[in-house]
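To start, the structure under review is shown below, and the notes come after it.
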Amino acid sequence: MSGTLIQEILQPLEQLRLIDPHSHINPHAAASKTLADILGYHYYTELAHSAGLSRQKIEEPGIEPKEKVARLVPWLATIENTAQYSWLLEMCQVFFGFCDDRITTANWEKLYDAAQAKMQQPNWEQFVLERSGLDQVYLTNDFDDPLQGFDTQLYVPCLRTDDLVFHLVKPEVRARLAKASSADVHDAASLKSALSHLFSHFVTNGARACAISLPPDFSPEPISVTTVNPLIARIFAGQEMSADESRTVSNFVFWSLAEFCEQFKLPFDLMIGVNRRVYESGVFQGQDLYDKRTSLIQYKKLFNAFPGVTFPVSVLSETSNQELVSYSWIFPNVVTSGHWWYSNIPVFIERDTRGRLQAVPMTKQIGYYSDMYKLEFALPKFAMYRRILAKVLAEDFVMGRGWKPERAVELGVRILRGNVEVIFGGRAE
Amino acid sequence: MSGTLIQEILQPLEQLRLIDPHSHINPHAAASKTLADILGYHYYTELAHSAGLSRQKIEEPGIEPKEKVARLVPWLATIENTAQYSWLLEMCQVFFGFCDDRITTANWEKLYDAAQAKMQQPNWEQFVLERSGLDQVYLTNDFDDPLQGFDTQLYVPCLRTDDLVFHLVKPEVRARLAKASSADVHDAASLKSALSHLFSHFVTNGARACAISLPPDFSPEPISVTTVNPLIARIFAGQEMSADESRTVSNFVFWSLAEFCEQFKLPFDLMIGVNRRVYESGVFQGQDLYDKRTSLIQYKKLFNAFPGVTFPVSVLSETSNQELVSYSWIFPNVVTSGHWWYSNIPVFIERDTRGRLQAVPMTKQIGYYSDMYKLEFALPKFAMYRRILAKVLAEDFVMGRGWKPERAVELGVRILRGNVEVIFGGRAE
Amino acid sequence: MSGTLIQEILQPLEQLRLIDPHSHINPHAAASKTLADILGYHYYTELAHSAGLSRQKIEEPGIEPKEKVARLVPWLATIENTAQYSWLLEMCQVFFGFCDDRITTANWEKLYDAAQAKMQQPNWEQFVLERSGLDQVYLTNDFDDPLQGFDTQLYVPCLRTDDLVFHLVKPEVRARLAKASSADVHDAASLKSALSHLFSHFVTNGARACAISLPPDFSPEPISVTTVNPLIARIFAGQEMSADESRTVSNFVFWSLAEFCEQFKLPFDLMIGVNRRVYESGVFQGQDLYDKRTSLIQYKKLFNAFPGVTFPVSVLSETSNQELVSYSWIFPNVVTSGHWWYSNIPVFIERDTRGRLQAVPMTKQIGYYSDMYKLEFALPKFAMYRRILAKVLAEDFVMGRGWKPERAVELGVRILRGNVEVIFGGRAE
C-alpha cells in the first residue's frame, strides 16, 4: 500500500524536467568520452583507494583511459554496497544497456566498449541531457572564465569565489585576477573595483549565482578599509601573511562579495564546512574532510547585514541540518540547498528532507543539485533524490497528514524545480 | 497491521487527561479572544516573515486583530507543509468547525468570524480545557508575579529566573526585585535573602518548579561570596559590568537558585541552548536561535553538587538528545523533559523518543509539554506527540520486543502523565 | 512481506559463528557464577542507581551475591523499557529457562536458583560459548598481564594502553611497567624500550590488537625526544606534572604506541570520546560520560603519519558517526568499528549501520563487538545487532536496491565476521 502510494507520487516527479542548480560541469566537455571519465570521478577513485588501490596506480601519468578502468574495476567488488556504486550501475544500465547487476573483471571490457560506442555518437551530450530531463545545468566557473563558446542559457554561469577569498596570497591567483579584471590592485578600493569587474562580466553573461565553499571555522565579519589596506598592499606586493592577516583579508573579500551580490542581485551560495587537504596523500579531489564542530551562529552578522541577499546554504555535516532548518525558518534570506557531498547518501538525505519539509516554508527549499563533473551523473543522483522525496511525501504528507497524492506531488514539484526558478530568477526559454 | 496496532495504542492515550508541565499561559487571559491570538503566535508570524511578509506589516502599532489575520493569511500558502501549520488546521477543525483542508484568502473570514463567535462564549476557556483534556497547566511566571487572582491548582505557578540570572544589570529588573522582595540588595547575603523571599512567595502559592532558559555557552560553577560581593555592590549601584563580571554574577545567582531549589524542594527546569536576539530584525519572539556546539558536560559540577535537586532538562538542539539520554541514564537527578522549540517537530520528536525509551529509566522521562502561550495550542501539540509516542510504542515495544499492547499503553501513560505527577509532586485535586 | 524478508536474511546470520573482536572478559573467569555477576554489570547497577537505588546499597562491602540481586530486583521495574533490560531478559530466557516476561520481586529467587544450578555445571563456560556461537573472544588485557593459563586461540589477547598513555604519573602504574618490562625507565629511549618489550610479549602470546580509550579533547601529535626527555625523567623520579606536561607525555607515549603497532603489525583500536569520572558518586564503572564536541579532524596527523597501521575506530557519540563514515571512506587505514557504549542501543545502531553500509567500502567495517565483562552477554547483544543488520539489509539492499536476499546475507556475513578475520589477521583453528 505504502509502496503503491510512493510509486504514484514518484511517477510524476520522474516526468518532471529539471534545472540542476549546482554542478562542476565543463561546458566545453560536458559529457564523458569514455568510461574512464565516469570511473575517474573522485567518488570512485577515492573509494577504491580507501579499499586498497594505491594512488600511484590510479594517477599514473599518461595512463590510457581503458587501462585506468581496468585498474579500478577489480576494486569495485569492495564498494558494491555504496550509494555511489548504485549510481554507477544505474548509469551503465540506462545509458549503455548494461544488463548485469555487477561490474566485474569478466564483463567490464564489453561495457567499456559499449559505452565508448555510445559516447562517440555526435549527439551524445544532447542525448544525455534529454534522457536526464535537464533543461539547464548551473556551472561553477573560475572567476576568470571568459564564459565564451557555450550556450549560457543551457549551461548557466555561476561565479566561484574560493580563490578570491582564500588564495589571493598565491601569485597565480593574483595574476589571473589582474588579467581578468584589467585592474592594478594595491588597496581595498582597487580590489573592490576588480571584483566589481568580475561581477559585471558574469552578470552580463547570464550568471545566476555567486558561490563559495567555506571551512568549518570561518565566521564572516566586516573589516574596515583602514585595517585591510596595508594587508592588501603587502599581498599584492608578493609578501607573506600571518594566519591572522590572511583571515582578515579573507573576511574583507568575502564581505565585499556579499555587497556585490546585493548590488548585482545574485544569490550567494554558501557551502559550509569543508577542510581541504586533510588526507594529503589521497587521490585527486579525495583529500578533503571536515570538522563537525561548526555552527550557523558564525554567520549571524552576515545574515543580519545583508537582508537583501538570498543565501542558499549547503552544510557538509548532517549534524548541521537542524541548524539549517532553524535558521531558514527564522531568517528570510536563508534558504536550504541540496544535500552536499558526505551528506549526499540516502540515510542523511531522507532525514534532512523530513526536517526541512516539516519546518521551513516550502518556498525556501532547493531540493537537490547534482554537484556533478560529468553530465551522466545527473540521472542517477536526481533519481536517488526523487525516490527519497517521494517516500517522504507519501509517508509524512499523504499517510501522516491526509493530503491527497496530487497535493504531495505539487509540493515535490516546487521543491525539485519551482523554487530553483524563483530563487535564482532564471527560467529556461 | 502496524497501522491498526498504532491506533489500538493511540486510543487510550487520547483518552488520557493531561497535566501540561510547561507553558507560557497568562492565567488571567488563558484562552484566545480572536484568531489573531492564535495566528499571532510567533511560530506563524516568524514563518510568514521568513517567507516574505515584512515585520512592519505584522507588527504595525494599533492594528486590529482581524486586519492582522488578513495580512497573515496570504502567506499561509507558503507554510502549509510545516508541522506548525498542521497544528493551526487541527485547532480550526476541532474548535471552530472548520471543514476545509486549507486556510485561504477565500475562506479565512468565515473562519475568523466562526472562531470569534465561539471565543466570545462565556465558558470558552473551560470548554478548551475540557476538550483538550487538561487537568492542570503549569505556568512560567515572572519572579515578581503576585500570583493572585487565579486558581493555582489549575494554573500551577513556576518561578522563571532568566531575568535574575542574566539581567540584573538592567535597572528595571533590579527595581522589580526590590519591590517583590522588599529587600535592599547590596551584597551576596542580601541578594540571597531577596531570592529566598521569592522562593517563599512562590512555594506558598503552590509553585511546582523553578525554570530557566540558558545560552549554549553557559557552564554553571560556584562563585565565592568574596568574589561576588564587590560585583553585586557595583551592579546594585547601577554601574557597568564587563562580560566576565556579568558571567560571574550570573553564575553566583544561578548557583544560589539551585541551593534554594534544594531547600524548597523544587525541581529546577533547565532549558539549555538558546541564543537570544540572533536575528535582531525578526518579529516579536522570532529572533532567537542557537549554537549546537554545546554539551551537558558543562553541567558536570552542577549535577554533582546538587544530588537532592531534580533537574528536568530540555535541550534545544537535536544533536544534544543523546547526551541528554546518557546523562539521565547515569545521573539520578537528571530527567529528560519534552521536545523543545526547534526540536518540536515530528522527525526529531520520534527519534528523541526512541532514544529515551530505549535507555533511560521509564520513571525519569517527562514526555511532553506544550510551551504554549494560548490554551488552544495544547490540543494539536499533544495530539502530535501522542501519535508519535503511539507509533514508537507499537514499533519498538509491541512489534520489536513482543510486549502486549496494554503494557505499551501503560508505559505511554507514565511518560505522558504519571511521571509529571511524581516528579513535580503535584496531583490535581 | 518486509517481516518475512527480514527473517529470511536474519536466519543465516543467526547461524553464523562469531568472533567477538572486543570484550573485557577475564579469561580465568569468563562465565558468570551467579546472577549477581550478570546484574552486577554496570549497565544494571547504574540504571538502578539512576532510578533511585543508593550506591551504598549496591556496593556494600561483603554483600552476598544473592542479597545484591535481591536489592537490585525491585528497581528492575523502572528499567523494563530499556534495551539493557531486554538483554537481561533474553539471557534469562535462553540460558536459564526463564518463562516470564518480567523479573519481579515475586519470581526472581526461583530464577536466581535456576541460574546458579546451571552455572555450577562444570561445562558452563563451554556451553555458553557454544550456545552463543562464539569461536573466539578478544580480550582487553592490562599491559602487565602475564597472558598465561588460558587458551589464547580462544581468548585472544589485546594490549590495552590507557594506563601507559594517561596514568604514568601514578606510582603503581610505573611500578607495574618496571616489573613487566624489566626496564629502568628514565628517558624517551628507555621508555620506548620498555614499550617494545610489552609489544613483544603480547605479540608472542598471540595478541591481535593494541587498544585505547581516549577523551574527547585528545588530539595526537608527535613530540620530540628533546621535549619529552626531561618530563619522563621527572615522572619516573616521582615528581608532579602540570596538565600541559602530562599531555605532552601522553602524546609521546601514544605516538610511540602507533609506531610499535606499525612495527609489530597490530591494528590500533581507537575508542574515541569518553570523559572519565564525570559523576564521581556513581557506581563502579557508572561514572563516565562524554562531550559530543569532538571531531576526527583531531586525528588528522595520526592517520596521515601511519598509513601502514589499521585503525579500527569506535566513537562514543552518535553525532560522530557521519565523521567516522567519511573518514573511513577517505583514509585507507581507518575502519569503522562496532557500536560503543552509549551508542549501543537500537535507535543509534540502526542509523549508524545504514550510513556505514551506504558509504564505506564493505571490507572496512567491523560490524559489532560485545564489550562484555561476562560471557553470557554476547548472546543478547549480538542478537540485537543481527536483527538490526538484517532489517537494514532487507530494507536498503533487497527492497531498496533490488539485491537478491542471498547477496544481502553475504554482505551481512562479511560485516559480522569476515572482516574481523581479515582486519585482525586471525582465524580460529
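Labels for the chains are A, B and C, by order of writing; each one numbers its residues from 1.
The rule is short, and it goes like this: contacts are C-beta pairs under 8 Å (C-beta built on N, C-alpha and C of every residue); 3 or more make two chains touch, one makes a residue touch a chain.
As the structure is a prediction and not an experimental result, all values here were calculated from the model.
Trainee: Enter the angle, 0 to 180° in steps of 5, of the rotation superposing CA atoms of subunit B on those of subunit C.
Mentor: The best-fit rotation has an angle of 120 degrees.
Trainee: Report same or different for the subunit A and subunit C interface, where same means the shared residue numbers exceed half of all residue numbers found there.
Mentor: Result for this pair: different.
Trainee: Any idea how many Å lie between the Cα centroids of subunit A and subunit C?
Mentor: The separation of the two C-alpha centroids amounts to 39 Å.
Trainee: In subunit B, which residues are in touch with two or more of the other chains?
Mentor: 293, 319
Trainee: Name, in rising order, each residue of subunit A that touches subunit B in their complex.
Mentor: My answer: residues 293-297, 300, 303-304, 307, 319-320, 322-323, 325-332, 351, 354-355, 357-364, 396-397, 400-403, 411.
Trainee: For subunit C, which residues are in contact with subunit B within the complex?
Mentor: For this pair, the touching residues of subunit C are 46-47, 49-52, 78-84, 86, 101, 275, 278-282, 286-293, 317-319, 342-343, 345-348.
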